[in-house]
Amino acid sequence: MTTNIAGLLKSRGVSLQEIAEIVFLLQKTYSPNLTVDLCLEAVEGVLKKREVQYAIMTGIALDVLAEKKLLPGDLQQIVESDEPLYGMDEVLAFGITNMYGTIGITSFGYLDKQKIGVIGKLNANKQNQVNTFLDDIIAGIAAAASARIAHQMARKPAAK
Amino acid sequence: MTTNIAGLLKSRGVSLQEIAEIVFLLQKTYSPNLTVDLCLEAVEGVLKKREVQYAIMTGIALDVLAEKKLLPGDLQQIVESDEPLYGMDEVLAFGITNMYGTIGITSFGYLDKQKIGVIGKLNANKQNQVNTFLDDIIAGIAAAASARIAHQMARKPAAK
Amino acid sequence: MTTNIAGLLKSRGVSLQEIAEIVFLLQKTYSPNLTVDLCLEAVEGVLKKREVQYAIMTGIALDVLAEKKLLPGDLQQIVESDEPLYGMDEVLAFGITNMYGTIGITSFGYLDKQKIGVIGKLNANKQNQVNTFLDDIIAGIAAAASARIAHQMARKPAAK
Amino acid sequence: MTTNIAGLLKSRGVSLQEIAEIVFLLQKTYSPNLTVDLCLEAVEGVLKKREVQYAIMTGIALDVLAEKKLLPGDLQQIVESDEPLYGMDEVLAFGITNMYGTIGITSFGYLDKQKIGVIGKLNANKQNQVNTFLDDIIAGIAAAASARIAHQMARKPAAK
């Protein structure tokens, strides 16, 4: 597969650096020697997984198709308005986090609720772009990268 | 929401009766008094859940958009060809089963592997229609209805 | 099954009222007419599900066995110390939330991170009692009850 | 952590070689050059993950404690008898598979239903030993190793 995932995220307004900054906020308490550069490496590591790439491609496709008014039936309005009881965005995004085990659940939920960093920016930018899937996907990637770092460091107290 | 889910499934070639027949095959060993009609009631019960409806609408939308060649980038070819390592169809479909707890995992995996009943028909009909998400969704609904029956009967030995 | 789940939770220091209060904090923004009594009803509804009862019984058993130093091998120390990379507590607890679909992921993660209400009390009471599974289980029940309310109300903006 | 996971499995009657043989049966259709030795390497790779080790240790602990009649309340009888509606064994085991993404769901469910190889042997040996968690755990490890091989080969048609 040749899809440039970093380029795809960039085309939707998100840089890997911005995701790395979220990871740094999540993990710095637990890992005193952590740097944003190490977080960026972790994000890049997460994005190498094929299943992660598929989740990102699928979620962004649904956002883009909603923008173009191409989704069939009621789904158009549901995705376009980020209907609160629609959970498929969480389903796809949480699949990313889950690749690094269950300790990422906590970070994922926290990010999704608190809208930290670029996630908040995306959420505020709903006028110009459909970000229904994208904001959850960024939370999923950041939580996965955090779990990856926690497992690698394997020191206490680690991310939980 | 007013989407007619039974009608949507029918438009893709699947009747609730056909799903009920799969449920009957799965559960009859464990529930001697089971009938196809009771299985149909269980299927209808599953389809009343909002989250189930959203999963079905989303999966079928992706199949239909692939048929119309409207998916962006590599995703078009991946969904159109039912790429074996693409797991988003399982993710969406398994979310349906999961609403009835974990005992449905086994049935879901078994159906997905053995392609029983209408699932096999869909799988054989790939020339005329993209069924990448639909076959998993049918397995997800049937496994959910089985788990629903098992929980309701709560007699041993039940579905596991 | 005759296990008294409310009694089991009480024996570990948690009342249903305390869980209902967490649900109220989570949901009141989205549901202006919500009361703690309605939250208590939702909690009781969640606790009626057999799979929820099994998750609670299993998690509390592991806490109690750790207290009695009866867990085999390294597991004793891992559960007793609430080892941060041990994720089985989240796995069991998140299974409770998942019964109400994916919109509960966010609340679950948020509660697990922020340690709201009785969850914080449990976390602070680690000297006298092993609560490795219990605090996650309470978060799982509260997130499930929140999702249950959100689905029932089905008004926007709801819990997400 | 110093727990010898291969030794722990062996103490319950399962060799890594037996798990590798299940993986070989699952994957040989898709990977003509596959050998049992390559499957054994994949199994060993799966067992190196900390979260996998924790799931195995927890599940086997519950089996062993049930054998010793040490589980509290109704849980003793539920685990001892492998109560069909108890799903915590699937929850723990499926967490293993999930580390390699969702394509493993199918294999996991199939193995759990068909009781192939050593899984069937465990299931038949319930008189002498409680294997409620162990048989699901072996299915989880084998499905994870299959998914690992499928992702590594990344050739079509792969395991799904």
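Miscellaneous remarks
In this document, chain identifiers A, B, C and D correspond to the written order of the chains, with residue numbering beginning at 1 in each.
Heads up, the rule we're going with is that contacts are C-beta pairs under 8 Å (C-beta built on N, C-alpha and C of every residue); 3 or more make two chains touch, one makes a residue touch a chain.
As the structure is a computational prediction, the values presented were derived from the model and not from experiment.
Of the two chain pairs examined here, B-C and A-C, the one linked by more C-beta pairs in contact is A-C.
For the pair chain C and chain D, the fraction of shared interface numbers is greater than half, so the two copies use mostly the same residues to meet. Separating the CA-averaged centres of chain A and chain C is a span of 25 Å.
Inter-chain spacing, taken between the CA centroids of chain C and chain D, is 27 Å. Chain B and chain C have centres, each the mean of its CA atoms, that are 30 Å apart. Each of the following residues of chain D touches two or more other chains: 50-51, 85, 87-88, 91, 95, 101-103, 151, 154. Residues of chain D touching chain B in their complex: 30, 83-85, 87-88, 90-91, 94, 101-103, 105-114, 150-151, 154, 156-160.
Against chain D, the residues of chain A that register as touching in their complex are 49-51, 95, 98-103, 151, 154.
The touching residues of chain B, when paired with chain A in their complex, are 1-3, 8, 50-51, 54-55, 57-58, 60-62, 64-65, 70-75, 78, 85-88, 91-92, 95.
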